[in-house]
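Presented sequentially are two complexes of subunit A, the first with subunit B as partner and the second with subunit C.
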Partner chain A sequence: DLKSVLSLSIQNIPALRRGKHMGFAWGQGNIFVYETLFKATGSGSPFIHEVRKDEDIYSPILRKLFNESHHIFVGLQTIREDLPSKNKKPQFVSISKNYRSVIRACMEELQQVAGYPLIRSVLLQVSILLAIELIWNLCEVLFIDAAPAGSLLLHLLDWVRLHKADVDEKARDVLQSDSPAEHRDYWDVVVSYVLQGRLDEARQMLGKKATLTPAANNIFKMMDNLLSKMPFYNPGGTQTLTEFDVKWRHWHEEVDRCLQDNSFASNQHLEVLCKILLGDEDTLLEHKDLLGTWYHFLVSRLLFCHPTVKPTELHYYAQSCMTMFLDSRSAPEPLDSILLAAFEFDIHQVIKDCSIALNNWWFVAHLTDLLDHCKLLQSHNLHFGSNLREFLLLEYASGLFTHHSLWQLAVDYFDHCLEFGRVYLELQIERVPLDTERKALKVLRICEQRQMSEQVRSICKIMAMRALRNNRLGSALSWSIRAKDAAFATLISERFLQDYCAKGTFSDLDLIDNLGPAMLLSDRLTFLGKYREFHKLYGEKRFKEAAKLLLSLMTAKIAPRSFWMTLLTDALPLLEQKEVIFSADQTYELMFCLEELTSSLNTPSSDSDKSMQEEDVELTKVELLRLALSRNLAMAIVKEGTVET
Partner chain B sequence: MCHIQSSVCFSEVWDKSESGEWLCTASWKTHSGSVWRVTWAHPEFGQVLASCSFDRTAAVWEEIVGESNDKQRGLSHWIKRTTLVDSRTSVTDVKFAPKHMGLMLTTCSADGVVRIYEAPDVMNLSQWSLQHEISCKLSCSCISWNPSSSRAHPSMFAVGSDDSNVASGGKVQIYEYNENTRKYGKVETLMTVTDAVHDIAFAPNLGRSFHVLAIATKDVRIFKLAPMRKESSSTGPSKFEVQIVAQFDNHNSQVWRVSWNITSTLLASSGDDGCVRLWKANYMDNWKCTGILRGDGSPLSASSGQPISTTVGSSLLSQNALNGISAGRIGRRAPFAPPLRPLTSSKIDQTPAYY
Partner chain C sequence: MENINAKYVSQKISKTRWCPVSYSSLQQPEVFATGSWDNEDNKVSIWSIGNHNNSGLEDGFEGDPQILCEHKHGGDVLDLQFLDQERMVSASSTGAVTIFRYHPNTHTISVLQHWARAHSYPCDNAPCTALVCSSPEIVTVGEDGRIVVFRADQEGAVRVIGEMRTRMLPPHKESSLKLSVVFVRECRQQHNSRGDLPKDHGGFDGDRAPLHCVDRHPNQQHIVATGGQDGMLCVWDVRQGGTPISLMEAHSAEMWEVRFHPTNPDHLFTCSEDGSLLHWETASHSEMPSFLQGGRNSSVISHGALTPAGGNRPLSSAWLCGDSGKGCLETTHMLPSQTMSVNSLDIIGQCLVCGTDGEAIFVNRHVPV
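After this line comes the complex of A and B, so read on.
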């Protein structure tokens, strides 16, 4: 159908030759394309093209829109469900106005942006925002505020006035001129004021002409009189709608009498005004240029023909006004269709048309969400049981997720999509590029808050792997502890120990010293922690405790056999102190360990490609140890056998 | 990172620098025949690639972090960890299984054999053991794993065949892991797909109870596979209700590649017509084309010394988007007056939010 054809967009990629295939790869919110030939040989092209969908999220000014509307959105979600709808209406209207003021603020900022290269895209954005605000405002009047007959017209008048501000500019020009009543735009301003129902201002303006033409004083007075007496409905007053209607008809008849009497025949402009006040279609249509749009025509016509219009009658007037106003040649624009659908109170059509015509999900997502809270949407059942509101919010949030900082806003949106929000979040949060540790921690916190344990594990594992590859062992270790990945922790502990053997010092002491209960994650990690503790004790000259710990590392089998030689070598300085540190029993145990070690070293399966030199070093070490152990044993026996006198 | 492979024996890896520039950080000869496919492993396993080629092998590569100034100069080094030589014919596709299955690599070959390898020690990429060898009877061209890690169903993959003989039956087969036999068994053949299949792709699951599979054949097809409820005592293979959800012949020619974006909200396809088309479902689950990327036919410019030209996305916005805004409006600031025709025909759609 026509709509779907119109909704297609086509992008040309430069420098991609005809007759070649286009390869592609999805990125984060973008797609990469390149020239290639599937299933064939031949040279490829050295070019890749990055095609990105939404430019909006990259606009710094629109970012404010996203941020502030996010704030409003979250506030809306937390309105208590148990209050009756009647009490909530003012709240919803207020929220709607908040959204609109954010849009307006954005528009204002955009309009201040200078710089030639930006102008076209900026203007486009401004015009889109204008349209969005126009539509939103109408939806607020018709759906959220749901004004009844009487107030309805007043709201529509406000709506039109807000969106046709060029009148004020013109008026300013006229008033600032030397002789306003003779300004060429003078009558345009007067008529425009009347068309918008701004009768006081019209009267003021007319007054200037009146003083200039004293001869016509009478008719100006008459017009002034008519204008001053036009009744306007007061919703807060005591007058009922019916009473107002009666009063209005009387006034209308009076104006009609003036026209029939040719009272204004001597002044063509005043006669035109008179006809307008009667709501004469032809006269109104003669002022198309001042009205500007068919919906202005609609509101003006209603103002002067049927001010007590009921919401249900609107669509009839809207359709006919649009037909009358637009040339038979020009087809209605998307905006026109949307507004018409609104006047017909076809909310779903409004949303659908907006989705197709506008270029981002922001508008439809937030508006639909608000309308849903007002209980105005019937939820259509989807295949997987979700509803329209959630569908749009998910689309919007997914789009945000591709942005390097706005993705954090998206999280809240997913949180408030009860059916699929979580699974979408789980999928997308794994794809957030973890460029920095800070960002990774941010992502982690979000996952941890939501008990997304698999994502937590995965992110920690990715970071640990990355750190390990870059030889940042401390970082790798802390990430694997956070991931509760015992296997990885073991691996990294091994690396630490290997490093120690090679260099004689530990890196990342802070981390190892403060492992705490995390030490228990893996045996090797426990050993690493305890081994470091040994070093600390030694450094603090708490030799007896250090010795006890060292021995226990071997006897409790915490230390891997491969490390025992190192441990025994570490014992040497303790053995060679003047004071006896290892007791006799402890010394026996050390000797036992040494024998265990050397017997395994002497087995045929031991490393045969050790050089002669290495073997020599090993043998020397063992000899040294045996000697030191024997000496210590002797001293210990003597000490323990001595009776203190 | 993004990768591109050129089909003459070389692979290239491209990296995005901090300034947003794309640089080719590595380019090396991967195989002795045309490289058909290259694929990344999950970053949990480090920076690992696998490639497959006409030369009957598949290879696993790992990035080695070199000297620090290498990184600054935008260079990285990749070394081959293993070559898998079991296939006797061209290896047409290589894919890593979903990460929850561990580090597993799957290849399929022109002789119709699918092989599944596992690296029991993820830190040692040179040790892979062949866990499964499955004969599909038809020449295979593509595989896709179901990415879902849900426990509701066993691991599953789909194989496509480029056998062009219509009489030899359905060209897409679905295999599932059977806990009892500890093997992969065929659970479904898509009998309606009888033309050669060039690419298949399971969509990410997103909490649905059914699976979605896209197929690149003489057109683009999207299937829905809904598992049928098993009787409580049944331990046999799953049964599926297969339904075609969409079929598009817009490419008007063979479709070579299909791939889902991250959120599985968009499907991209590439065909013989030299275009990439984007497909999207609205909330009523009706699929439509929402975008076309096509070459403008202009010849290549710039010397080959310039590695890339990033035509950074002007978004999918057509050139004449601003037609409706008259010249008079530009210049004078018009506060809040809606333009006469604020929205021209929907040519200004960027992502036609096809709803």
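After this line comes the complex of A and C, so read on.
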């Protein structure tokens, strides 16, 4: 796709021998590459190599980013929809700040890790995070906070200050030296302060120089005066924007007069400062190295030329500043065009450019989601019917699903994609490898909470088959009960019964004893449960109830025909008891069952490959039964016919 | 809830355990161990919340856990217990049981002993699901349905007990005797090395959800609390068996761990897949009405009551009062909402530590007990 072509980089696969052909297959978020031969001769290498595009999700420090931002994301989704938007704006701003602080925390940790020797890849990650935070901050100022004229400039100043930390470092160096005013960076620091609008600090610095050169006291005092009188807009105050504008113009004229009067002619540095205060472009451009970036140039220029800039006017200034600043280079870097798009309030362009430039959907997905909540994205239907926010979130979450551990986060993202999220989740959740029962339980819980019965069934079947393979019938049965899978439950019950016939005892008694209503899942299972109950009753010497149960198993056709012989054989000891257990009616029924059974055994269709011995055993059993039944019948008739006196 | 902060640790935490402190010193615990799961490389780590830095820190950062050391672990950590103050044992999803030793001076962990196939199927690995320590013996249970007893200093298994065929639950130890009560899914069997207790208590008639966790009252050994797949907290009286004394709807998803407070057993803690950690308190001794007690409370009505037979309860604990009318139980949520599944918790004194699937550890040092 277009994205990966644009961010193309050559990746050598060291294990493949040079000159060999390479075959490949797309995976999810990765490619499988293998050595292949177009002609089917010679030997090949038996290895498959996996090339992953996105290494970020495997970085331990960046993982914290994913987890923390997931937490913020989920919190964002639950903000109530019915509040009016002006109440929600501070909430959105604070959520945006939360996201940014998470990015910063990651950055700081990465910087600590980068240490000495400097690890290139880590530094690369740090610089990417820096860029992300820069863009996000600008988007927060322009789109989410949507500051009007006046406060707009103040926010932009904060933005620039936050991202130009070297000024403070330099200032620290200067102040810690023996004679700060003589330090070679001294004037750089002062100019930098002024460029960032930090006039109080500039004045403090200037004060140090002033004390050193008492002869020039006058002009230092003048400069100090100018600096102290520069008006800054106070959004919370009573002054309106027009009043501020008027005041600012007066001040600007005063500075201009100072310059025209050549008041600062004796000190070249102060004259430069004066020109900066007037917003002279050439002077500003002379200090490119101190400004560093065109957007710093932009903000400084606005500060000293047009502090009441309106949001809609920004892009004119942005474009011209960029052109002026970057005249030496041919094409702007991706970051520059993204910021320019932001100044032009073209949100879609920002998102598009970011998607192309970054290798991970994290940033665009979360930013778009936040902007969507602020109702800033027009519903912009893409070709496949879902909207931009959902598309990005789905891409991001699908990427998470390829991670062995972060897949759990992805579930929440899918939940909040209303159109396709569920489908994606259904497809992905079945592919999570189920190494342990505990993991399977968690996956199951996810599916059950969302009523994904198909997936529940398939997961339970996987676990049940695994249990069966290890001969753990009880576990297999409990999995199929959970899935409400009648067919499988029948299969397992058959195994149980076969086991019983083979060994004479039951395994997993505890499970069968406590089936409860789950017994009704399948006929075979019901029979198993009831049969076990029969054994229990027998064991507790509750013979009458046991007998009744046994009979009902046959007459109610719960027992499979193949098992009747076993049941009747079980009835033998009951028939042989001194006390009459089966009543006459019951005995008749038993006889009837026996006849049914023997008649079906005698039909020509019964398998003829039974050995002679088996047939003998069968015949003997039947004989014994008939004898016992007749005896019992006799005793029963006598007993029932006797009148109790 | 102000006292609790999340620390993100880049691994899903399956178990957290406080390192035991000697009872003579009244210190609060400072060191805890965690085990991870579902990673390509799982780890066992030791953390400390002691005050390393100067006291100029704000309260919020005071308890921030710092990692001291970690060690690779093959397979998910399914259970982790401390043998004594320096040694801990882990149960792995590969069926292995390992004893680690933590060296506090050098902050390293070394492997003391490793039983690679403590539990296995003929053709597969069987995860070792739980273990219990009563130094020097270690009793482990696994999905293969066997109970194996090891000794910390011996190479092979001391004894292999039983072929119980359903999934096993965490066994729980009785501190004085070498008894282990093993709760098997949907049934209870009490196994005793002296063999003088009944073998089978029979199943229970109430709910039939699988159990995941069990804990015994520290002083009154007949009281047992269990939690299971349906998130219900059940309190049982082992002497009576059969039916739980009380059933409480604690959580909306599986309950992973339940713990009585070791020194103040009127308090109980449960954590669950639904992302909540509840602090249960029997208010039988306090006269204060519940609405005057702070925190995010929700009184829970306990139902399914079964009054103990015989009616004489001079020593009965408040846990056995199943009477809903008294409203003798109250619960508090201990974590901020919308956390992912809380897999494990541990409490000593006033310090609570828990770990979640959101790859975060929460430590609270001022639990009101």
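Going forward, the second predicted complex is superposed on the first by the 477 of 645 C-alpha atoms of A that agree within 3 Å, B and C clash if a C-alpha of one lies under 4 Å from a C-alpha of the other, contacts with A are read in each partner's own complex, and residues count from 1 in each chain.
In this section, contacts are C-beta pairs under 8 Å (C-beta built on N, C-alpha and C of every residue); 3 or more make two chains touch, one makes a residue touch a chain.
Given the structure is predicted, the values throughout are model-derived calculations rather than measurements.
Peer 1: With both complexes overlaid on chain A, does A:513 touch subunit B (first), subunit C (second), both or neither?
Peer 2: Touch partner of A:513: subunit C, not subunit B.
Peer 1: Check the residue A:24 against both partner chains and state whether it touches subunit B (first), subunit C (second), both, or neither.
Peer 2: It touches subunit B, and subunit C stays clear.
Peer 1: Check whether A:333 is in contact with subunit B, with subunit C, with both or with neither, and answer first, second, both or neither.
Peer 2: Touch status of A:333: first partner only.
Peer 1: Check the contacts made with subunit A and report whether subunit B or subunit C touches more of its residues.
Peer 2: More residues of subunit A are touched by B.
Peer 1: Once the structures are superposed on A, label A:169 by its partner contacts, choosing first (subunit B), second (subunit C), both or neither.
Peer 2: It touches subunit B, and subunit C stays clear.
Peer 1: Please indicate which partner A:428 is in contact with in the superposed arrangement: first for subunit B, second for subunit C, both, or neither.
Peer 2: After superposition on chain A, A:428 lies in contact with subunit B alone.
Peer 1: Could you tell me if A:74 is touching subunit B, subunit C, both of them or neither one (first, second, both, neither)?
Peer 2: In the superposition, A:74 touches subunit C alone.
Peer 1: Looking at the overlay, does A:97 come into contact with subunit B only (first), subunit C only (second), both, or neither?
Peer 2: neither
Peer 1: Pick one for A:470: touches subunit B only (first), subunit C only (second), both, or neither.
Peer 2: both
Peer 1: Which parts of subunit A are in contact with subunit B and also with subunit C?
Peer 2: 466, 469-471
Peer 1: Can you list the residues on subunit C that touch subunit A in the complex?
Peer 2: 6, 8-12, 14, 37-40, 76, 78, 93, 121-124, 126-127, 129, 143-145, 165-167, 184-187, 189, 202-204, 208, 210, 229, 253-254, 273, 338-341, 357-360
Peer 1: Using the touch definition from the top, list the residues of subunit A that touch subunit B in their complex.
Peer 2: Against subunit B, the touching part of subunit A is residues 4, 6-28, 30-56, 104, 107, 111, 119-120, 123-124, 127-128, 130-131, 134, 162-166, 169, 292-293, 333-335, 351-352, 355-361, 364, 380, 382-384, 386, 388, 391-392, 395, 398-399, 419-420, 423-424, 427-428, 431, 454, 458, 461-462, 465-466, 469-471, 491.
Peer 1: Flag every residue of subunit A that touches subunit C in the complex, lowest number first.
Peer 2: 60-61, 63-64, 67-68, 70-71, 74-75, 78, 404-405, 408-409, 435-439, 441-442, 445, 449, 466, 469-475, 478, 507-508, 510-511, 513-516, 518
Peer 1: Spell out the part of subunit B that touches subunit A in their complex, as residue ranges.
Peer 2: 2-4, 6-8, 14, 22, 34, 36, 43-47, 63, 65, 99, 123, 149, 198, 204-209, 256-257, 259-263, 265, 268, 270-272, 274-276, 278, 283-285, 288-301, 304, 306-318, 321-322, 324-325, 329-330, 333-355
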